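Mind looking over this structure? Questions follow.
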């Protein structure tokens, strides 16, 4: 009944030993090592403001999608529709921006339309998430099938609406969301931090978060304990939808356009990040901190290898190898502790 | 006893994440000897069994089987040496049929590479007949009631000609009749020269079959003597270091307005015309054989099963119970019978397991959780119910059976329901804890809750209930005032 | 025989029939031998993959690396033979690809059975590692002058006929590979003790360990078997297409898993049937190869496929849920 | 003048035939001129991955970027960032892109599409049903070629008729194959096919060959000889066209160095590269006349 990825005891960690034996501790060490190696290999290019800023612009979009994925995984489900939702939301927002405002719009018209477009995108995310939640919660479809199907529908709608081409022509101000910075902090990073904090608060500080984790641990016991599984499922996928839509807005602003197939490689990536970040794919356990560390280690690795002109296929190899190596190291630790 | 024992344990130790479950345990079992392992919840019995079965590796010590010593066993070695175990959690395959579950070990041992349905069926049939029970061979085990699962596990252990059969609380889920046939089987095994290591909290059974009793407490062997040298009281005292009496709830006011009224409740054939009323402060027992509809009734009252007819009133108000949420809102709580799958979130912390029923009470307008409040309450309950745990943050799965049951109870007590339905509240619970739980029930009644107790433990029903309803084939056939009957007579009426 | 309306297979079967009826109503040409043969041919590779996935799901695991294994085995085999320039008959080529697939399956097994790591994590890792290794160190160029053995194989037809206009339609012998895989796996799962062990560890690996099943041994077998099937599917894909493209196949994994789940296998392990799996595959192949016939414009095709997946799964899922509720 | 520049060429996806051939051109350019010119590309075809590679390139302060965008629109902001950082930017296959110094095209997309229809129409004798394929509905150039072809057919071959809508193959030969089978069932009289992705004609050719229809049908499309040669040989594919990616890669880098050296391209100038001997300018776009038609007769001349 219990899947092999049972969590470690959540005992209070004390000292370095304890830190090293916790998943978060190991991930931190890994992240620092990767950072150290990349910095050592080419300090003049890696340790520059430009590089840091470039990385900070790159990872938020898929990191936000990973957060959306994480929520569904915590209930023991999965959301394969995150990229579909993000593109559909972006396309709708983009159509509003380009038809109501257009590239020349400034001031009230521009600002108002931008606010409207953002609201519309989030609304699309909400509706898509609601649909997933209903299909899974009420009709009882396995999440993997439900979201695979709905993901196709969302992507397909985006294709049908746009005929497949990109939607262009937004007010200049909209570019700020993806490309601007506030006191040197890139806007996408700020959006990511906001979403991460929200997810963290939801999971660790609210009743909903606790219910998500309990439902993910044992759905039958959750029912007997009076958890409204339908309400929890719907809310989880709804949040996932809203966050996917936020990622869509960031991508759209960074690309200054919206299109049905943007970010298609992010789906598997976000699953990979969740898993590396210690989110139990069978539900119940996972920390936002783990996910953030996984995202950072991935970005350091990726930018570092680009710098060394390592082929992108080799990057896939290294990334897969890294995941396995981390898990093996974890597992050995685990077994030592059992003795 | 001059010949070498079948199995000897020498100074076996085992600890889990800081808990010393076993500490230098030594004793031996002779061929054909029936040995009882007694001890409170969490004293280390199941751990010892897992070591004998090769499922857990001891930290120190060794096991000697017929003269050959092993620092650690492996399941396959144990099986090959003739050790068969009936686990406390059954260790069955929910997705396979009854027949397959029963025959699996035998098939493994037979060395057949191909399976033969007929062979499997015949074997399963024979074994079920041997323990005198009738379970559909083609049913998937997941669809069986707990007691049937237990019987399947017993049948499986008998499939191989074992030298030692280990039974970890095999009778907890069984009714009296089935217990008797199991005891008969143990006698037959003994006669055939098979040794039995028997764990049970039902001390009466222990005396019926065991030649030798090994008592362990906190991982130490505290006594190892022939059964004849114990009596009920002295055994209980050895196990716990205390003496017990059954706590009986105080009388309630029979004229008070009923807190729960059930009228004409029915559900396609399984339940018919259920009528009863429960008054504040009353403890109502429900007795019945397996399949008599007790659990169905409990589930219907908790909104888990849709009803076809009838109505339920709480405090005179008609309530519609479409889900557990409705039941909880109406003030009804339910402690399910299968705590492992229905009751607990095994890998989550004790605190969360207790708090999960009452999150709303601890969350603010925005759904913000008062985590300190939650943790504090959990610790409070651990203390009040005497749960043996290092702290409230360890996962529930690291607790022993009795302590796990207290955690489930704590969850429902924390929610302060008006009506609490307890399904097998002392299943697998040692006498010390059992007395504590009876005390808790009496205390609930004192606080004018309505309590419904479903149990196979007839003395328990007689001792702590004001009234006992007898169910048969989905109907209430009789109402017996508590204390007015003895266990033997009640058993006879159930069976008639 | 009583028809069990709550069974997943029955419901998926009904959905398949309903879809065929609908398509025939729109275009009667649907009911023809060429259609049947086209569909059968297009389900060979997916079908073999699905059988492998079924085995893994039953054993309580999940495998997303099988497409990468297939691409790796297929491409490495082709490249080796092209480089060596020797003439090997098709069965020799197949054997090599299956061997490579088995080897990669064993790599999965090392991590899963040896290190006891969760299967999803391991296979996500190897998916990316196998693909990365293939494209970095083996090669990324598509090979269109495949060895003669593969081309010969693609021309072996089992059944053929001619349309009224005088054009051929045919069913390649590769279809027999699917039939053999299905029959063999059915026998394995239902008639051998090993097969029952696979079900057992999927039902509860703890229980399996306790009654003395060598859980690791069974896992090693399962992942090696899936690796072998992937190698087979890969080389069939390349042979039939007469080109070895290392970018092919990867990306199919989720839809294959979906097809298997559609057929009633559970992601939690222990449940699944060959019939159900084949019906799931049939539905997916049928739907994705009938949209032109139905006159659905390309821009709407993924919407329709998505909706049909929801519908095809929704019915059985809803039935199962209601049955569970009723049973309490 | 002797300064050696760092020039990165960012392509749609690395590893495939097309961009490996382009890399040959980039490497040749590096060897010829001594500049540090190199090519990178993402492991999957996704605009966002290209953006990430470009971000990294900017952070590494390269001197020039040449880029073949997967989706031109998506790269505008990051290319603007590059230009703001003083990096010269040259693109290819992106005639509508704005944040570049120059874009170089092997030809005009419309002319290329019309060319296919001219050949297809001739082959089909100006009548009959035909179907068109695109690698992806979201691919701009594929859609432009096909749209121009359809428009040309309407104007010049009134007896021809397109059946179905644009068929999407996701750059997957197996899908092109299955779509062709289905088209033949849905429209038994279809006799002409135009492919866009390089694997399209191979999938179409295979399906036709299996049905023994190779001689009765006409198949044209963009592809590479290495992919389509076996079907050209059997006649199930009649003609393919392409432009040599190595020359395009060479040309992009050459323009980049010109810009870095402070020179600008001019109308009619000779880049010294076959097909780009007399380029025409239109705004920021440099057009060559660099497409090549390949039939079974000259396939051997193009070993890639």
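Annotations for the structure displayed:
By written order: A, B, C and D. Residues from 1 in each chain.
One rule holds for everything that comes next: contacts are C-beta pairs under 8 Å (C-beta built on N, C-alpha and C of every residue); 3 or more make two chains touch, one makes a residue touch a chain.
Remember, predicted model here, so these are calculated numbers, not experimental data.
Identification of common neighbours of subunit C and subunit D yields A.
Ranked by the number of C-beta pairs in contact, the top chain pair here is A-C. The mean-CA centres of subunit A and subunit D are about 34 angstrom from one another, to the nearest whole unit.
Chain centres here are Cα averages; for subunit B and subunit C they lie 44 Å apart. Distance between chain centres (mean CA atoms), subunit B to subunit D: 72 Å. For subunit B, the set of residues that touch two or more other chains comprises 94, 304. Looking at subunit D, residues 14-15, 43, 137 sit in touch with two or more other chains. Subunit C has residues 132, 135, 140, 204, 206, 299, 301 in contact with two or more other chains.
Contact annotation for chain pairs lists A-B, A-C, A-D, B-C, C-D, with touch applied as defined. The touching residues of subunit C, counted against subunit D in their complex, run 27, 29-30, 32, 34-35, 38, 42, 132, 135, 140-142, 144-145, 163, 165, 167-170, 237, 241-243, 245-248, 288-293, 297-299, 301. Residue ranges on subunit A touching subunit C, taken from their complex, read 1-5, 80, 135, 139-142, 144-146, 148-157, 159-160, 163-164, 268, 271-272, 275, 281-282, 311, 313-321, 323-324, 327-328, 331-332, 335.
The touching residues of subunit C, when paired with subunit B in their complex, are 190-196, 199-200, 202-204, 206-214, 269-271, 325-328.
Per the touch definition, subunit B reaches subunit C in the complex via residues 53, 55, 75-76, 78-80, 85, 87, 90-96, 100, 104-105, 107-108, 112-115, 143, 156, 296, 299, 304-306. Listed in rising order, the residues of subunit D touching subunit C in the complex are 14-17, 20, 43, 137, 164-168, 172-174, 177-179, 181-186, 188, 199, 202-203, 206, 210-213, 226-227, 229-230.
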